[in-house]
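Going in written order, the chains are labelled A, B, C and D, and every chain counts its residues from 1.
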Amino acid sequence: MNSDPYSLKVRKLFANTAHAGDIPGGVSGFYEDQGVRLRLSASVTDGAMTALRFQAWACPHVIAAAEMVCSLFEGRPVADLELFNTAQIMDDLGIPVEKTGRILVLEDTVRSLGQAIQDRTDH
Amino acid sequence: MSAANEWLYLDYAATTPLDPNVAERMREVRQTSFANPASNHAAGRLSATVVDQAGVQLAELLNTDPGRFLWTSGATESNNLAITGVAKQRSHLGRHLVTMRTEHKAVVDVFRALEKQGFDVSWLLPDADGQLSVEQFEAALRDDTQLVSIMHVNNETGCFQDIATLGGICRTRGITFHVDGAQAAGKVPVDLEALPVDLYSMTAHKFYGPKGVGALYIADGTVIEPLMFGGGQQRRLRPGTLAVELIAGLGAAAAESASRLETDLLHLTALKQQLLLGIETIEGVCVNGPKSGAYPGILNVSVADIEGESLLLALEPLCVATGSACNSQSQEPSYVLRALGRSDMEAQSAVRFSLGRPTSKADIARAIDLYRAAVVKLRSIAPGHTT
Amino acid sequence: MSAANEWLYLDYAATTPLDPNVAERMREVRQTSFANPASNHAAGRLSATVVDQAGVQLAELLNTDPGRFLWTSGATESNNLAITGVAKQRSHLGRHLVTMRTEHKAVVDVFRALEKQGFDVSWLLPDADGQLSVEQFEAALRDDTQLVSIMHVNNETGCFQDIATLGGICRTRGITFHVDGAQAAGKVPVDLEALPVDLYSMTAHKFYGPKGVGALYIADGTVIEPLMFGGGQQRRLRPGTLAVELIAGLGAAAAESASRLETDLLHLTALKQQLLLGIETIEGVCVNGPKSGAYPGILNVSVADIEGESLLLALEPLCVATGSACNSQSQEPSYVLRALGRSDMEAQSAVRFSLGRPTSKADIARAIDLYRAAVVKLRSIAPGHTT
Amino acid sequence: MNSDPYSLKVRKLFANTAHAGDIPGGVSGFYEDQGVRLRLSASVTDGAMTALRFQAWACPHVIAAAEMVCSLFEGRPVADLELFNTAQIMDDLGIPVEKTGRILVLEDTVRSLGQAIQDRTDH
């Protein structure tokens, strides 16, 4: 009737947000909706995201998901951002369906980051 | 999930553990007096004396006559019985009822249900501290007002209402006055002989008694309709086999409270002071409720720019309340704090610390550390607060 | 008044003592899980798992899903909630309701209250054994019948109603079927998966659980209106802080019953046989209720030419019930026995022996002696019976 | 709320009804009302009731009161029956007011006995 809303994975990621923070001089994407504010920043070298950081005003599920995304994509080519998959993240972390909207904000932030990197590259 | 002994429980306004003396009394009663107090035999009569004794204990705590209580399953039932019972009983005289927006759900939702049945309810707003002004109260009363229900101590902020004055006004106008005393009975001095109150609700588990039992005080001459039917128990106003052991537990908890009310209050006052001093130095923290004069067992604070759900998780193993105290399952910002003029943003970060008999100075120190650390952590994560 | 240890308690249908294993489980819960199960913190969640576990235990006893129960304060509340809840919910479809004259007061008085609100109630009479005939039942149903409430086991006579057949008839006609199972749950096999029952009431203290807690089973698809309002607990159908310890006690009592149902029934059957053999040799004694097939924990007998109140006093230290079981304070002859066709004279001398787990053969032998001696004594005093 | 309806005196008298019974060849009075049937019998010698017995189909209060009346008046002159006082008996035995009607049946039985003795004497 009142079960733990947080999976062990969510709890671990939330407790240890190694990728929280900003990258001065990096590229960033930002999105805000559903009471969630998210920012993803990256240092990009040779088309790869050598560092990824997030900032969030959000519930634990979003924070955990953002932390996971950073550690997943850090070191990988920018193009891999396309692989971001809301459903899979929710499944991996055991995020309840009611939170789908908020995880979509993360998806939008990822897109926004991809776009910003693209923009900077084009520029 | 952390193990029970790591937790720091500061949610005593939601519910309290059983006092050891109360537990002992219940064990005794269980062994000697399990019979139905309505049964017409020696065992039944012994159970009846146990119930009577509990009535005496509760009456001593609240300074009234033992015969004026109905035993219920808790304050929710007492509130429902009192409010619906009076509204229906007096509906031929008028259908106007008065209450506040900051009442507990167990009052608010009863009035909402009555509204659907055609009653006309005035919902009064308190000031920013949570206090209802006497002028506003008087202005709301009408010739056809039959019932006023105002809580004694607010469960989210600890704010007191001036029930002596409000009740006095009701009395001169012949309006029935109900008080939800769930957060007051057994916790602060209550003198039902002196107070102009017609109905007073309480629940044992808020003052170290068992869960599942409460009482409704009904002043002489106040007539209500029952909520349930069956059997002649309790003057037909509340049927069902009396839960002897629970009632004895309520009585014992009342006796315990009576003997230590002052001590409890001094203890809580010192702890609240310590907590407040430790917390108010954190930038952006503001207290919800009166700056002074509130019940010392409750401290409700909001903090700027912090997301409430993450705050709660970051606070673990601290067990405190967010949102509406008694039904924290819903994550909506507290309607009580919004009625006090708090923004959604402020209300959603609100944390209610509620302290109890077992709380120590060390607990408070730990709570302060946990709170500060959580705020610092979440701020460090938030966009716009990083350096 | 005799001391507790001299009494011979044979009033287990009124209430039972707490089973030691149940008491132990409650003690454990009290120590580890006192928090409010609705609270959004680790301590609250632990309490919630305790409540969930009790649901599983009860569901296993009654062969159904744990999610179908509401926790209440007892069968009185469950009956009120079920009956009023359905009557109101379906009143736009029709206002005809059906029940029996031999129901417990916690059903009878609810229907009486509904009659006052304009509902049309058919009160069915059983045969001389207490049984309702299927023909009579079918004849009472109408196109606008919305609710039928029939008890499972009668509290005064132990008579079973054929709820499988009656419920089946209701189901084919789309009528909601409520069963007061206060004297059946935990005492006789009940299979809610198999039975065509929409609502089933029970109370823990009838099967060695704590007083002050019960449950209402609500079948999938059955919709009721709540009796009380406040808080979102229990799908808004029954608000109020859940009494974790009591609910755990109910669950433990259910588990205990499940594991010993057959043993209990064999034990009671042997004792009832012994009691009946010993008592029916007394001239003028007649059994109220079915001669066979009744619940073995109850034996109700009347005796010619004996004044009931004096019989009860002469029987001391035997604790048995006279009149209506659950409210023996009224000395009126039982309305249940009168509905079975007993004369006032027969009904007023009726004694209900109800046996329980702790009852021994020696207890029964003593009860027979006490009963015989009381009858002999009172007959020797009565005019017209002296030699 | 559910106190013992019987005083200690009532309990004692009810438990030990030494005067229950009939007096073969004696004089008796009888009265029936309120679901109570009462019979008082006496042997009368020289205007005194040398023995008094009662029979009752009645509640414990009436049985106790009948027993007390018998032991009170046994050995005393018939004329003393006039001293029977319902209020005092109820007071002495702590009988609740709801039972007044039933104790009045006892008063009527005492009267009936007095009358029967009178009748036999006249006869």
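Operating definition for what follows: a contact is a pair of C-beta atoms (placed from the backbone, for glycine too) under 8 Å apart; a residue touches a chain by one contact, two chains touch by 3 or more.
Note that the structure is a prediction, hence the values are computed from the model and not measured.
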item: Length of the line joining the C-alpha centres of chain C and chain D, rounded to whole Å; value: 42
item: Chain centre separation (chain B, chain C; CA means) in Å; value: 34
item: Distance between chain centroids, defined by C-alpha means - chain A, chain C (Å); value: 59
item: Chain B, residues touching no fewer than two other chains; value: 1, 38-40, 44-45, 329
item: Shared-contact residues (touching 2 or more other chains) in chain A; value: 2, 4
item: Contact graph of the chains (line, ring, star, complete, other); value: other
item: Pairwise chain contacts, counting only pairs that touch as defined; value: A-B, A-C, B-C, B-D, C-D
item: Parts of chain D lying in touch with chain B, wherever the complex brings them together; value: 1-4
item: Footprint of chain C on chain B - complex, ascending; value: 1-2, 4, 7, 9, 11, 14-18, 23, 30, 32-36, 38-46, 72-77, 79-80, 104-110, 112-113, 203, 205, 210-213, 227-233, 239-246, 312, 316-323, 326-331
item: Contacting residues of chain D [partner chain C, same complex]; value: 2, 4, 6, 11, 14, 17, 20-22, 30, 35, 37-39, 54-60, 63
item: Chain A-facing residues of chain B, complex; value: 1, 305, 307, 309-310, 313-314, 329, 380-384, 386
item: Chain A-facing residues of chain C, complex; value: 37-40, 44-45, 47-49, 51-52
